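To start, the structure under review is shown below, and the notes come after it.
So that you can tell them apart, the chains are marked A, B, C, D and E in the order they are listed, and the count of residues begins at 1 in each.
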Amino acid sequence: MSFEVDVSITRGSRRIAARFEAGPGITALFGRSGAGKTSVLDMIAGLARPDEGRIAVDGRALFDAAAGIDLRPEARGCGYVFQDYRLFPHMSVEGNLRYGWRLAAPDARWIDFEQVVEFLGLAGLLAARPRRLSGGEAQRVAIGRALLSGARFLLMDEPLSSLDAARREEIMRVIERIRDELALPILYVSHDRREVERLAGQIVEMD
Amino acid sequence: QVPRGPLVLAAASLQESLNAAADTWAAQGHPRPVLSFAASSALARQIENGAPADLFLSADEEWMDHVVKAPGGRIKPGTRISLLTNSLALIAPAQSSIRLTIAPGFPLAAALGLNGRLAMGQVASVPAGKYGREALIALRVWSSVEGRVAGADSVRSAMALVSRGEAPLGIVYATDARADRKVRVVGIFPANSHKPITYPLARLSASTNPDAEGFRRFLASPQGKAIFRAYGFGTR
Amino acid sequence: MALAPDNISPEEWGIIWLSLKVSAAAMVATLPVGFALAWALARGRFPGRVLLDGLVHLPLVLPPVVTGWLLLIVFGGTGVAGRWLAAMGMPVMFRWTGAALAASVMALPLMVRAIRLSLESVDRRLEAAARTLGASPMRVFVTITLPLALPGVLAGMVLGFARSLGEFGATITFVSNIPGETQTLPLAIYAALQVPGQEGIVTRLALISVGLSLVALVASEVLTRRMGMRAHVL
Amino acid sequence: MALAPDNISPEEWGIIWLSLKVSAAAMVATLPVGFALAWALARGRFPGRVLLDGLVHLPLVLPPVVTGWLLLIVFGGTGVAGRWLAAMGMPVMFRWTGAALAASVMALPLMVRAIRLSLESVDRRLEAAARTLGASPMRVFVTITLPLALPGVLAGMVLGFARSLGEFGATITFVSNIPGETQTLPLAIYAALQVPGQEGIVTRLALISVGLSLVALVASEVLTRRMGMRAHVL
Amino acid sequence: MSFEVDVSITRGSRRIAARFEAGPGITALFGRSGAGKTSVLDMIAGLARPDEGRIAVDGRALFDAAAGIDLRPEARGCGYVFQDYRLFPHMSVEGNLRYGWRLAAPDARWIDFEQVVEFLGLAGLLAARPRRLSGGEAQRVAIGRALLSGARFLLMDEPLSSLDAARREEIMRVIERIRDELALPILYVSHDRREVERLAGQIVEMD
């Protein structure tokens, strides 16, 4: 099992619950706006604490209310592409990209800086501050930063929403290679049926 | 290393005269004393709380009494003397034409005019203010001017109010008045209208400087006293 | 020009140097304490938070002479902390270190407020992002929170330095007015003010103070600019 | 308890009332000036910006007595501004208004810094968005900039109020100590400190000061909380 | 002509230029990430000042370097859906929606508050602060705010990128009605070919 998730969390007066087990490859998280997809990703990443339940990735328990397990975010090893990017405004694009890279154990890294810069088309932007990036440029940096962090699994929250078809195609090909060559579990949120059908081995619907 | 002179804590109003005395002492081949000028109250509290100094020259006896009584005995017994005396002056701006003769019931309030203030040290706390109030009470004019007093934090501030023309009259020490050309002495208060104004000197029990006692004796010597007299102080 | 360097007497240079030393030491010493307090007030949720806040503001609310008096009682030669410091070989009574301590205490509330204001405007979501990238809370603090709060830290340092340069009441009450040891610019100015006819010296020394603070201001502006700290989160 | 209201003498109530009046007036009077200066420093790009910045810091850098002395020269009965104010029916010399003026000047740099810090962290893109929605620059200021800078404005007001409550040196030098007119808490405390054996009164009055400032602090915290000002831009 | 645009602007060391004339209806602005689409919208809205050129909408000159015309943003009457939403964080969702509405002349308003809330599905969110909204919710508020401002023309920068298919469909239908019934000029940035082909009468490619 790549992702084993059975959690619930209270957001304001709402209760968001999700329960699924996913095999290897890419799992798409599908659901209407406000269904709770980002909330689920946050719980897996350790940024939101479930009221109860259990989360495991590749058999490794990240959270288990019953067993008292609650790994800290930095110990979970996730590469999270945030829906709102969250680039560090005080660092250059290169600084952002290298942030997780520097912290990763050398043997945990599975992709090169140069490789990432190249396929994301960031070469001309390395010295730029995030503030002046276009929407799509910022999104690509957010993807690159997550890939470079030497993560054991990826959480991608609508990672291609602001990109044109050509870029999208290129990046999807890289994601497919990551899926196939590295067998990294990937949880992928998208509203695009075609994207999802092409990438994902399984689809989890939320409501 | 050059030996350091004794550390003398002294009332701010003694700045010029004591500096002159220290210069003379140093010219005689001694290390120059280190002089720290502040309000007598501040200095007394420092001594009370264990200040490592040598001599204390206060602007009023009350604070010296306070230090003497402080637990632990902050003053070396037998070293206290009343070194200097001073008198109180009624002053006006140099260009003022006010004429008054200081005597019981003299028309001080009228001289202040409709809105004028009488500048003094704060009567509750600043020594010059306390003496001034005592004198005005003795002369039976206090009740007529009590509400007109502007209390400054030091004699010098009171004098600044007069020299800048903010207050038509003020009460300061005679020594202060003669140092400022922008004020004019209207009159000197009779010595019997207030307690004698004296400046006590003593050596602290914390004193370790070998020159401390020597400088204390120098200040009390005829030569030392002459220096203070040159600045308008009286001596005993 | 009256303030050309060769017009400044060696004695005045001594005062300037002492003031700089005291203010710089106060600023440096207050920074970690001020930051920790700002952090606790901005992020902490503990009982007594408001009380701590009040305590920090104390030196602002009390007249400086009272602060000086309290310092005297606690850090004086007979005070608990004073004896302890003296035993540790760091006496403060009548020393320049005491002047720095007084300035430090007076600068504290200003520094805490400025830093706190900046800390409160740091986007916590960026900190969360850094955690997912493998950064420990400590590293997040150093690489994300601190740089993002830098405008406040710099503003706090400028305020603290300026306040220290101007500190008078607490200093003279605590460590007296000793030339070469505790007589900083404000105390020298006070001394000159006590003597009639020394307005020229007062003006001179005041202008020197102003000049020093201007240099500090310009330096901080340049730093802020260089760090490009006006940027926002995308 | 020594500070129960019925233990406070009518004279002390008078001093408390005067202090509150002076500090509140100082805070209110400084606010628009402080905001305008903060705005100019945060947003303006004009020659002499650093000089203006320096000028604002002046009351912080100069010893308070010097500030009081300068106030005396400018706003005294013989000063330019003083005569003008008196002619307008608002004399400040020896009046509580003068004490408020002194407090105001001393509080200014603190207020300006806090407000400026917040103004600089306002996201200009939100202001641009408001413009496209039809808001004039003035309306953008009132509905977007000002509310987003509110934490700084509140912090500045607290700092200004606290500083005013503690202001001593400039006040006594400028308007002296006149019971019922200019004798605020710090002046009363100072007077008591200068008399041997009045430590009890000093402590009493100091505790009252601290109490007043705590009330102000709590009020500002509640306001900040209520306005939910910790939110960030999405 | 709905949009007449002939502008150029310098961004860092790059020069971004655009020149097009569009007939009535929806004009799609198409181009790869970083091509300068947002920059063009900013210039039309009056948020970025072109180095030179001319901008007119429905024959009304908004900017004309030669003639010295440069209307202020608030005088241009555009309803701008920002790529980065730019919701006012200190106002509720309702406060955000009503911001432009309150400033619009009553006879300039062409849509009701209740209508907007309904078709954007914002009824349950009116009291919420923008901070807690999900990505798609925030995007819908941004659309609603622009529609309610009584604009004379719309600038929409990837307005549907974070929305699910059903919502997308609903909102597209409303946009079509605005196009057909109100004949409002709309400049529409999107990376989705199908979306663009369905909505837009003409396509402007940028490079």
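FYI, a contact is a pair of C-beta atoms (placed from the backbone, for glycine too) under 8 Å apart; a residue touches a chain by one contact, two chains touch by 3 or more.
Protein names from UniProt, one per chain: A, E = Molybdate transport system ATP-binding protein; C, D = Molybdenum transport system permease.
Just so it is clear, the structure is predicted and the values come from calculations on it, not from any experiment.
Colleague: For subunit A and subunit E, which third chains touch each of them?
Modeller: Of all the chains present, none is in contact with both subunit A and subunit E.
Colleague: Most remote chain relative to subunit E, going by C-alpha centroids?
Modeller: B
Colleague: Max contacts between which two chains?
Modeller: C-D
Colleague: Could you find the chain whose CA centre sits the greatest distance from that of subunit A?
Modeller: Farthest chain from subunit A, going by C-alpha centroids: B.
Colleague: If you average the CA atoms of subunit C and of subunit D, how far apart do the two points sit, in angstrom?
Modeller: One centre to the other, that is 20 Å.
Colleague: In whole angstrom, how far does the Cα centroid of subunit A sit from the Cα centroid of subunit B?
Modeller: Their C-alpha centroids are separated by 78 Å.
Colleague: With chain centres defined as C-alpha means, what is the inter-centre distance between subunit D and subunit E in Å?
Modeller: Using C-alpha averages as centres, the distance is 45 Å.
Colleague: Measuring from the mean C-alpha position of subunit B to the mean C-alpha position of subunit C, what distance in angstrom results?
Modeller: Roughly 34 Å separates the two chain centres.
Colleague: Which residues belonging to subunit C are in contact with no fewer than two other chains?
Modeller: Answer for subunit C, listing residues that touch two or more other chains: 65, 69, 125, 193, 232-234.
Colleague: Out of subunit B, which residues touch more than one other chain, so two or more?
Modeller: Within subunit B, no residue touches at least two other chains.
Colleague: Check each residue of subunit A and list the ones that touch at least two other chains.
Modeller: Touching at least two other chains: 84.
Colleague: Any two chains that touch count here, so list every such pair.
Modeller: Pairs of chains that touch one another: A-C, A-E, B-C, B-D, C-D, D-E.
Colleague: What residues on subunit C touch subunit D, complex-wise?
Modeller: Touch residues, subunit C against subunit D: 50, 53-54, 57-66, 69, 109-110, 113-114, 116-118, 120-121, 123-125, 151-152, 155, 158-159, 162-163, 165-169, 185-187, 189-190, 193, 202, 206, 209-210, 212-214, 217-218, 221, 230, 232-233.
Colleague: In their shared complex, at which residues does subunit A touch subunit C?
Modeller: 45-47, 72-74, 76-80, 82, 84-90, 99-100, 103-104, 129-131, 133, 138, 145-146, 149-150
Colleague: Could you please specify the touching residues of subunit B with respect to subunit C in the complex?
Modeller: Those in contact with subunit C are residues 7, 9, 12-13, 15-16, 34-38, 42-43, 45-46, 49-53, 72, 154, 156, 159, 163, 176, 179-182, 206.
Colleague: What does subunit D use to touch subunit E in their complex?
Modeller: Spelled out, the residues of subunit D in touch with subunit E are 125-126, 128-136, 139, 143-144, 147-148, 227-229, 231-234.
Colleague: Provide the residue numbers of subunit E that touch subunit A in the complex, in ascending order.
Modeller: 11-12, 31-34, 37-38, 83-84, 128, 132, 134-137, 139-140, 157-158, 161-168, 191, 193
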